[in-house]
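As written, the chain order gives the labels A, B, C and D, with residue 1 at the start of each chain.
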């Protein structure tokens, strides 16, 4: 399939809830950038994290293989530094091929989970 | 009414929760592509499902009649193969006429339901 | 302020939950099209409701005054006919001046509420 | 990084829930415009609040420093006047440099929280 989407995407509302009540990785509070690469070339994505009161962190580097999707949890980013919990942040993703990015958060701090999701802001 | 929308749409955050607590089909955990065809010609839609670690599945084929909406649950897709539960996936929908697609998930794994929704990413 | 937005908007995932557990109008299950008219002319909006298996209903007609917002609950539409509960539908809004439309649902069928929201699909 | 985004953004569904059940500022019912300024110049943002039945309020003025994000709670706006609770409103943000805006609400009126989020409507 043709490569669909944009080369750059922004997520303004980053926040990893600092606690969880569910059991297991699936119900752990987390925040994800869901990345779709429909094309026939692997996508190399550089991620920059912006904060309220310090210089940005990154780039974090991930690859999304051709014709694959990666639901990347920001909880899992550690290099060059972890993404802090309970802290406002924002994200820019820059890819060498077109991709589609959707932003989703699962919050299980209280006994029942809450979900939010939105298409990210895409641009070339 | 004129046919409104785009010919191709992408949903990056596909995930069918693997359990439910609500009673009946309405409160069953599910994920849907809500498709609107405002025009006067039937829409023939080919759906491709992308995964993290295997080649895409599909095409799944659905029709949305002229001047109708179809709230398609991915849970209900079986041909050429079911969409796995509890697995990250992504979706591309390709239509022969313009349509509008919105993505919605109802998660009732815990005792109270959670909802997410976003306009999908549209392009011609 | 200048009139901001688009003349036509589509919402593909219409659904009014058929029950509620909260007390009062605010916690009643409902679905709304939040309409913003930033300009200096009143907006006259014609709304068409699409269904799965019958011809569309409408037009419903609402006005949004200059420099005002209207959070229109589909529950409150009665002319030419009520919008059925527990039924999949979709919506097109057509305005004579540019407006911005956001779609929100509050679901209080179970003991705790769930929310979804997305910018609608806008076009001229 | 280059300044990413648009100069003007609209949020049509403004509503600050009038109560909370969670403990502390983090679980307090609130509504936020998450603003990302990726560029190398500070962003000066003028905010106008629209209502159902009165003239707009504002401008409220906030700054988002270069390479920073600000998750602005409408609850915290007081000058020229507080944003009323339990009241429908809408928002326009106008910036002198490109920004990205995402709209998020946390509702903790009932015992478990609910979340909604969407990219705002951007335009130049």
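Just so it is clear, a residue touches a chain if its C-beta (ideal position, glycine included) is under 8 Å from a C-beta of that chain, and two chains touch if they have at least 3 such contacts.
Computed from a predicted model, the values in this text were never measured in an experiment.
After Cα superposition, the angle needed to carry chain A onto chain D is 90 degrees, rounded to a multiple of 5. Where chain A touches chain B, the two copies mostly use different residue numbers: shared numbers make up under half of all numbers in play. As a whole-number value, the distance joining the C-alpha centres of chain C and chain D reads 21 Å. Taking each chain's centre as the mean of its C-alpha atoms, chain A lies 30 Å from chain C. Among the residues of chain B, those touching two or more other chains are numbered 111-112, 114-119. Looking at the complex, you find that chain A touches chain D at residues 8, 10-15, 18, 48, 50-53, 55-56, 86, 88-90, 92, 103, 105, 107, 109-112, 114-121, 123. Chain B makes touch with chain C in their complex at residues 1, 4-5, 22, 26-27, 32, 34-36, 38, 67-71, 100-102, 104, 106, 108, 111-119, 122.
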